[in-house]
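Think of it as A, B, C and D in the order they're written, each chain with its own count starting at 1.
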Amino acid sequence: MSGNSIGHTFKLTTYGESHGEAIGGVIDGVPSNFKIDLEAVQRELDRRKPGQSSIVTQRKESDTVRFLSGIFEGKTTGSPIGFIIENENQKSKDYSHLKDVYRPSHADFTYDKKYGHRDYRGGGRSSARETASRVVAGAIAKQFLAQKGIQINAFVSQVGKIKLQGDLTQIKLPETENIVRCPDSEVANQMIDYIKEIRKEGDTIGGVIFAKITGLEAGVGEPVFDKLHADLGKAMLSINAVKGFEYGSGFSGVEMKGSQHNDEFLTDGTTKSNFSGGIQGGISNGNPIYFNVAFKPVATIMQAQKSINTAMESVTVDGKGRHDPCVVPRAVPIVEAMAAITVLNHYLRNKMTQF
Amino acid sequence: MSGNSIGHTFKLTTYGESHGEAIGGVIDGVPSNFKIDLEAVQRELDRRKPGQSSIVTQRKESDTVRFLSGIFEGKTTGSPIGFIIENENQKSKDYSHLKDVYRPSHADFTYDKKYGHRDYRGGGRSSARETASRVVAGAIAKQFLAQKGIQINAFVSQVGKIKLQGDLTQIKLPETENIVRCPDSEVANQMIDYIKEIRKEGDTIGGVIFAKITGLEAGVGEPVFDKLHADLGKAMLSINAVKGFEYGSGFSGVEMKGSQHNDEFLTDGTTKSNFSGGIQGGISNGNPIYFNVAFKPVATIMQAQKSINTAMESVTVDGKGRHDPCVVPRAVPIVEAMAAITVLNHYLRNKMTQF
Amino acid sequence: MSGNSIGHTFKLTTYGESHGEAIGGVIDGVPSNFKIDLEAVQRELDRRKPGQSSIVTQRKESDTVRFLSGIFEGKTTGSPIGFIIENENQKSKDYSHLKDVYRPSHADFTYDKKYGHRDYRGGGRSSARETASRVVAGAIAKQFLAQKGIQINAFVSQVGKIKLQGDLTQIKLPETENIVRCPDSEVANQMIDYIKEIRKEGDTIGGVIFAKITGLEAGVGEPVFDKLHADLGKAMLSINAVKGFEYGSGFSGVEMKGSQHNDEFLTDGTTKSNFSGGIQGGISNGNPIYFNVAFKPVATIMQAQKSINTAMESVTVDGKGRHDPCVVPRAVPIVEAMAAITVLNHYLRNKMTQF
Amino acid sequence: MSGNSIGHTFKLTTYGESHGEAIGGVIDGVPSNFKIDLEAVQRELDRRKPGQSSIVTQRKESDTVRFLSGIFEGKTTGSPIGFIIENENQKSKDYSHLKDVYRPSHADFTYDKKYGHRDYRGGGRSSARETASRVVAGAIAKQFLAQKGIQINAFVSQVGKIKLQGDLTQIKLPETENIVRCPDSEVANQMIDYIKEIRKEGDTIGGVIFAKITGLEAGVGEPVFDKLHADLGKAMLSINAVKGFEYGSGFSGVEMKGSQHNDEFLTDGTTKSNFSGGIQGGISNGNPIYFNVAFKPVATIMQAQKSINTAMESVTVDGKGRHDPCVVPRAVPIVEAMAAITVLNHYLRNKMTQF
């Protein structure tokens, strides 16, 4: 009821503030008797962690996850997996200047209105630091799905106006990611240069992440309200800074006619085109599922901005600290994590449909 | 768990197939002791019903709702409101030709894969007929919200390439809707003409609905996973034929810099610009909330199409029956209903935040 | 959130007041592709209906269920089953004398306090009439379980001080139930005579129902909070007039030593004794599950009683109408229904434990 | 779905095994802006901890809780409270002799059947060690309720055949608890002597805990399935070793007539008698709520027992380790915790009934 859980079957509940003692979570509904690779989980966290490259925040935090329960002799027991990531970077004094100030386009104002007071240190609960816990759960979900032949991959397709062209569903991912996580090295370099330029300006820029799910059998998803793409959409929109979600033909489908948009079935059950995005009536049809996620420019900029304080007086907020000029490179593992959690939930729910 | 409910507090569960006995639902969590205008509910249903104008399906169905419980002496009792809409148009034989056929871009194939068999009459459970039940619940939610000064309005902003220009948040709604539900009469006429043309071709076309929520106080919404816009997005994506959702700056925010996108706070707590779309960190900030919903062209076209049957053999599907050339005019009350249900749920959830 | 649903997977939501338009419900999460015997459902309703014998209320109501959805060509489709039982006995004027009165040990007072007003006709939502909807869902659950070899049987073991002696788990049920639903015809006759006597006094009496579940494999149930017996207990305590629940050794286990109470495992996995009641750590162990449900005497008596009215003044409430002198004979199918719903839910949940 | 959470509004999810890294939990839905006394939480834990007196297990574990989030400057923030209790007593080798053995009346066998393998160290997830996390959440719930004038108190009323006589609802609690937590010092001493005797025999004994909730206003609770007493019953039955629950007149109400059992309303809204146990139709009526919880003798005894191993062969299980001869003294704070969690959940849910 209070918004800190996701999933019905493989259910993640997270806790923790940006500058509190620790962040972490509990995953309930983990299928039992499954071999788990804990180092692979840490590797996913490393894809998200600050300080990993020259185009992300230079804050240093090791983000090491410690597992507390639910795993015995290398296998899941079916009991909840509790985990914790200690906050190493708790310099609370850094944030006292924000105690009475509402930063533009942050959640300072809305948290105060809702809760009556707030942990103002680094955004508290509203900080994207919380997403590290999602990556932990997502990495576990990914392992389950991989075992069933289901793969989830995301990459950066746009930074500002710099855009990967062509049919994104056909792009082959290189073996190693570059620092901006765009699979075309030429476009990637343009993006990297542009992000560096933006950072010099003390500004930030938005971007788009494209994601694809392959290997999911037909028949997974629920009808009516919990359509697979509706749950994917909610999961993506719950990520900090996301402003839009589209799947299959998305917003471009608006201008198409039915005769163009309809996906002709072939005798192997696949479809000739895939404007449906692998989902019909909320349920997977066996074709690849793909979608776009739009991220706004992050709100923290290194420029002076006009704003108000808690007494509703005009103030100037100065840009301070170490922040991301563009969030999408670090958001790729988060998008994958949220997709994996969503798909695994539907995969498990579907186990009860027939028996 | 099976996808037929929405909401945690004001919770709607629907039932019914396109050509079964009846459709309907139960609303649990209706606040008690509230005067309810049942005729206003029927008027909302009339905005959605088939046969209402020359540009929608000419199927005739009166869609009269009968309330079964939860209302006593004109007021809600706090007990669940059960309601039923009898299906008058049950010509099952019309649909026997679809028994063994998978129509392109419909849910026939996926329902068969998931459930092992399906009610093939008119799409069965996957038919948009189900959304009539949503409109009933949404109309009740709207009345509650209106009483608190919260208004929800949607209109058609695009049909195919015909697009309403300018700042949609500033558009004043006329007192009476035209048949395409676009507030600019000139653009509306272009849309109407275009839809008639599309129908003549036996084809269909997509569109966009824009919606705005005003009067919602700051502080409503939940953090992290159940952000207000994430729940709005899920609600919209659960509507038949929806392919995309964006709020505030949406996909266009991708190309903006933080210094442009950040909404400066004024000393009355409102913001100068509203790229945030009235929500920060998942919680309302008191400014108008607005969003776009993208609809694909409906899959049923009046043209012969290649497809497969249940034996996975090639077949030709002929276009038959009476269907909508463009779904957005009838979808406006559905978008409003889903928005009202979502906002009322968050409004009620917020009652437990402080005490 | 508002208490009108039960179950996570096979989820029943009910609606309807004693003297409203109709009662009914929606069952979501019905496994698909399952042949359903609708006449058997009606037979279960007949076991519960008023007027069935000389020892129950002489109110006449046919309680005919009409199914609205979710069943196609005799099989479940996996879509929600909506159903309705029209109220035939709506003599609202009969109840106007209760409009301003709080009957002792009824829910009149508490509903008024909670909801601000109430449907006073025949108890409104708080009436046990609601349990007819439970019997419908329970009868369907029973059919699913029976197909898997799982049987649920309940009978009356006590009325007032008249008590069935011996080991109740060993009692064989006769082929046809007698009117008091106690399997020992001698004790049954004593009970029947006693109930008739009680009715002559214008009074009511309590009773106990014993229930047994056989054929459930080991491993069904959840740990910690949703233990199988905890969910059975909640389901039973949710039935009108129930004051207590115990399973296995129950309250008598309090006086036992561990060395007596522990159930020795045999090499076929069964246990020598069964004080555990077929459940260990909340999970079935393959032995029969059994429990007792205590019912208080129904509150409606045919005697004058002192009470208060809504103005908090002393009044006398006269006994009127046609009511049950003892509720347990009609409650047997309700206990079975609630047990079936609970067990089926856990059976389905367990499908996600390993994969 | 997997049983490790309780509550809809004030929701506790626990994790951790008896001999894993740590146990703990997350509480979501904590009302914000509330001053919290963390030392009082630790004091409740101390009432539950092992080694506290001569009649409980002599295992030593400090059970110190560390709070990780959700509290800022001494007040709740409305964000989830994560907490952890490190396991100090991880002597895994102690338990290797149980690796392949199913102890009688423990959950070893059922966990293996359900999950395919199990953490056999000290009962793993099925150990009552998990209840420490419940006490943490319960202690916080208690503080909220106390602030609203709602008190929850439990005590031991029976150990084996030694039983506190008279009207338990009238008993005044002494300022300090004795080690058996029975408020009558004479009966307490008999209980203590008896428990010591039982321990000498290497055996265990059952008991009853009585609990009372006072100060709860009328109108709290939900109708139909989530009746306040049904949720209390489920909460109690979820505690390890509980076999029965009754409230108000309970099982003794079975033998009463309606004319005796009905609680006459007085003009102040209270009732003359209180056989209803403070709840009518599932909703509080303002009178004290009271109930009994029956505990079986704990399964771990210091005697040799016949059992089977995982190969389904006969084996002898020897009694080893340090365990409780009678669980009820340590279970008193657990019963109070579960009652507090349940009542607070209903208290918060009721906030949405009228607005």
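The rule we apply is simple: contacts are C-beta pairs under 8 Å (C-beta built on N, C-alpha and C of every residue); 3 or more make two chains touch, one makes a residue touch a chain.
Molecules present, by chain and UniProt name: A, B, C, D = Chorismate synthase.
Only a predicted model underlies this, so the values are computations on that prediction, with no experimental measurement involved.
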Maximum centroid distance from chain C (Chorismate synthase), chain identifier (CA atoms): A
For chain B (Chorismate synthase) placed onto chain C (Chorismate synthase), the superposition rotation in degrees, Cα atoms, nearest 5: 180
Rounded Å distance between chain A (Chorismate synthase) and chain D (Chorismate synthase), as computed from the means of their C-alpha atoms: 39
Intercentroid distance (Cα basis), chain B (Chorismate synthase) paired with chain A (Chorismate synthase), Å: 26
Chain B (Chorismate synthase) residues counted as touching two or more neighbouring chains: 1-5, 8-9, 14, 29, 32-33, 78-79, 114-116, 125, 223, 349, 352-354
Residues of chain C (Chorismate synthase) defined as touching chain B (Chorismate synthase) within the complex: 1-5, 8-9, 11, 13-17, 20-26, 28-30, 32-33, 66-70, 72-73, 75, 77-82, 84, 114-119, 124-125
Chain B (Chorismate synthase) to chain A (Chorismate synthase) touching residues, read off their complex: 1-6, 8-9, 14, 102, 104-107, 109-111, 113-116, 125-126, 130, 158, 160-161, 198, 201, 203-208, 217-227, 229-231, 233-235, 237-238, 240, 243-251, 253-269, 271, 275-277, 279-286, 292, 294-301, 303, 305-308, 312-314, 349-350, 352-354
Parts of chain A (Chorismate synthase) lying in touch with chain C (Chorismate synthase), wherever the complex brings them together: 1, 9, 29, 31-33, 78-79, 223, 348-349, 351-355
